[in-house]
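Reading through the C-alpha cells given below for one structure.
We call the chains A, B and C, going by the order they appear; numbering starts again at 1 in every chain.
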Amino acid sequence: MKHQIGRNVKPGKNMEIGSNVIIEEDVVLGNNISLKDNVVIRKGAIIGDNIIIGYIDIKPGQDATAEPIVTEIGENVRVRSGSVIYRGTRIGSNSMVGHNSVIRENTIIGHDTYIGSLTAIEGDTNIGNYVGVHTQCHITKFCNIGDYTFIAPLFVGANDQAMSHRRRTHGQDLIGFTTEKYVRIAVGVTVLPDVHFGEGCIVGAGSVVTRDVPPYKVVMGVPARVVRDASREEVVQ
Amino acid sequence: MKHQIGRNVKPGKNMEIGSNVIIEEDVVLGNNISLKDNVVIRKGAIIGDNIIIGYIDIKPGQDATAEPIVTEIGENVRVRSGSVIYRGTRIGSNSMVGHNSVIRENTIIGHDTYIGSLTAIEGDTNIGNYVGVHTQCHITKFCNIGDYTFIAPLFVGANDQAMSHRRRTHGQDLIGFTTEKYVRIAVGVTVLPDVHFGEGCIVGAGSVVTRDVPPYKVVMGVPARVVRDASREEVVQ
Amino acid sequence: MKHQIGRNVKPGKNMEIGSNVIIEEDVVLGNNISLKDNVVIRKGAIIGDNIIIGYIDIKPGQDATAEPIVTEIGENVRVRSGSVIYRGTRIGSNSMVGHNSVIRENTIIGHDTYIGSLTAIEGDTNIGNYVGVHTQCHITKFCNIGDYTFIAPLFVGANDQAMSHRRRTHGQDLIGFTTEKYVRIAVGVTVLPDVHFGEGCIVGAGSVVTRDVPPYKVVMGVPARVVRDASREEVVQ
C-alpha cells in the first residue's frame, strides 16, 4: 500500500509522503510537509507548514529499521508550523502542538492536551489528558505527566543524576519526573531527576525542586520547601 | 484587490500570497514565504526563508473571520528565517526579529527594536522603541515594555497568578509585567504577574522578581530585593 | 567555479545553492535547503529539511562582503531540520546539530560534539571535542568550551557585565565564560560574564554562578558556592 487519502482532504504544496501513510477525511495540510512511512493522520486534523511527522534519526551509513512503527496524529489535532514529530509518537484527539517544537520518539500524548511553541519533549514519555505543557519547556526522557497537569513556560527537568556524559555509565539509570493529577508548576521551574509531584500540588515560580512534593501542598524557593496547603479546585473537562 | 507589489521587489521561490497584500518597493523576500490576507510590508524590509506573516490560528471546523485585520511589517524591518508573525501584529521601522521566533496576535512593536531568535511573544502586548528582547525569552500576554528596555536571554514572565488551567476562572484576571523606560533585566530572570519595573531599574541575573521594583534601584536574588542604587546613564538613539 | 558535487550525493527538492559550494561524496540532503556561497560539506554528512548554511546577516541597503569566507560542515556531521548555520562557522567530524537551532558566525565546533535542538550559539566562540551542549541553551558570544564539557538544557550565559544596551559603551568589554575539560553543568544554570570553570568541576541544577569555580569542586545555589569535592571519573572517547 502506497498511501490512503480520505475525502475532502485539503492538500498543501510540495508535500513529501512515505509508504503506508493514512490521511483521513477533512484533514487540512499546509505547505512543505513531510510525512514519513507509517504515519496516520486522523480526521479533521490541521497540519501547518514546514512540518515533519514520523521523523527517524539516522546516523551516517545507517538505514532506518524496516519495522512498521506507527506515528499517529489524532482527530482534530492541530500541529502548528515548523514542528517535528518523531516516529512512534501518538497524539490524542483535540490536542495541539505549537510552532517550532520538537517531540521525540515514543511520546504518548492524551486527548485535549496542548504542547506549546518552542518546546522539546525528549521522548519515551507519557503525557495525560487535559494537560498543558507551555512554551519553551524541556521535558526530558522517561517522565510521566498526569491528567490536568499544568507546566508553565521555561520549565526544565533532568533525568541523569550523575550527568554521565561521555562516562562509561552514560545512559544508565535515567529517570525523569512524575506528576499526579491536577499538578500546577509555575514559570521558570527546574526539577531534578526522579522527583514525584503529588496530586494537586503547586510549585512557585523560579523554584528548584530537589525532592518529592506532597499532595495538595504549595512549595517554592531554591531548594523548594513546603510553604502552605494548596486549595482543591474543581477542574473543567 | 488581489495584491499590490512595488518596484524592485526581489521575490523568493514558492511564495504563497493572500488577498489585499501590499508589498512596497525594494522589499527582499526569501523562499517558502506565506503572506496571509491583509499583510502590508513596507519598503526596504527583508523577509527571510520559511516565514509566515499574518498567521491565523483556526480550530478544526472553524473559519477565519472575514474582518480585514492588517498585519504590518515596517520600513527596513528584517525578519529572519523560520519565524511566525500572527495577524494583527505591527512592527515599526528598522526593527528586527530573529530566527524561529513566534510573535502572536496584536503585538505592537515600536521602531528600532529587536526581538531575538527562538523568542515567544504571546500577543496583546505593547513593546516600545529602541527595545531589546533577546534570545529564547518568553513575553506573556498583556505586558507593556517601555522604550529602551533591555531583556536578556531566557527571561520568562507570568500573567496568571492562580494558574487557572482547566479551572472555571481560566483566562480571567490575566496581567503581565510593565517596564518603564531604560529598564535592564539580566539573563535568566523570572517575573511574577503584574510586576511593575520602575524607570532605569536593573535586575540581576537569575533573579525571581515577585514584587514591584522601584526606579533606579538594582535588585537581585530569589526573591529579588533592592541591593543598591542604579546609575543614570544616557542612552543613544 | 559554480559548485562541485561528489559521487553518490542524494539531493533534496527545492535546493538553493550559491557559488563555490563543495558537496563531497555520500552526502544526504533534505528538502528546501539553502547553501550560501563558499559552503563546504564533507563526505557522509546528513543535512535535514529547511536548513540554511552559510547565512549572512545583511541590513537593508547593504551588500554581503565579497570575502570568500568558508562555512564548513565536517565528515559525517548531522544537521537536523530547521537549523541555521551562519557564515564562517566550522563543525568538526561526527558532530551533530539538533532541530531549529541557530549557530551564528565564526563558531568553531570540534569533532564528536553535539549541539541540541532549539539552542542558540551567538558566534565568535570555540567549542571543543566530545562536548555536549544540550537543548534550549544559550551560549553567548566570546566563550571557550573545553573538551568533554557537558551543558544541560536551559543554560544561559551572559557576556556584558554592564548591560550596555543603547549606551555609548555598547559592545565593549564583552566576555563570556570559559570551561576547562570535563566540566559538567546541570539543568537550568545561569552564568555571569567572564566566569572560569576549572577542570572537572560540577555545577548543580538551577545554580546562578557569579564567580570562578575551582577544579574538581561541586558548586550549587544562588549564588553558587562550593559544597564538596567532585570525583575524577574517566571519560570515554
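In this section, a contact is a pair of C-beta atoms (placed from the backbone, for glycine too) under 8 Å apart; a residue touches a chain by one contact, two chains touch by 3 or more.
Treat the numbers as computed from the prediction; the structure is a model and nothing was measured.
Viewed as a contact network, the protein chains are fully connected, with every chain touching every other. Rotating subunit A by 120 degrees superposes its CA atoms on those of subunit B, with the angle stated to the nearest 5. Under half of the residue numbers at the interface between copies subunit A and subunit C are found on both sides, making the touching surfaces mostly different. Subunit A and subunit C have Cα centroids lying 25 Å from one another. In subunit A, the positions touching at least two other chains are 14, 32, 50, 82, 100, 118, 136, 154, 222.
Those residues of subunit A whose C-beta lies close enough to touch subunit C in the complex are 14, 16, 32, 34, 50, 52, 55, 57-61, 82, 84, 100, 102, 118, 120, 122, 136, 138, 140, 154, 156-158, 163, 165-168, 170, 190-192, 208, 210, 222.
Per the touch definition, subunit C reaches subunit A in the complex via residues 13-14, 26, 31-32, 44-46, 49-50, 76, 78, 80-82, 98-100, 116-118, 130, 132, 135-136, 148, 150, 152-154, 184, 186-188, 202, 205-206, 221-222, 233-237.
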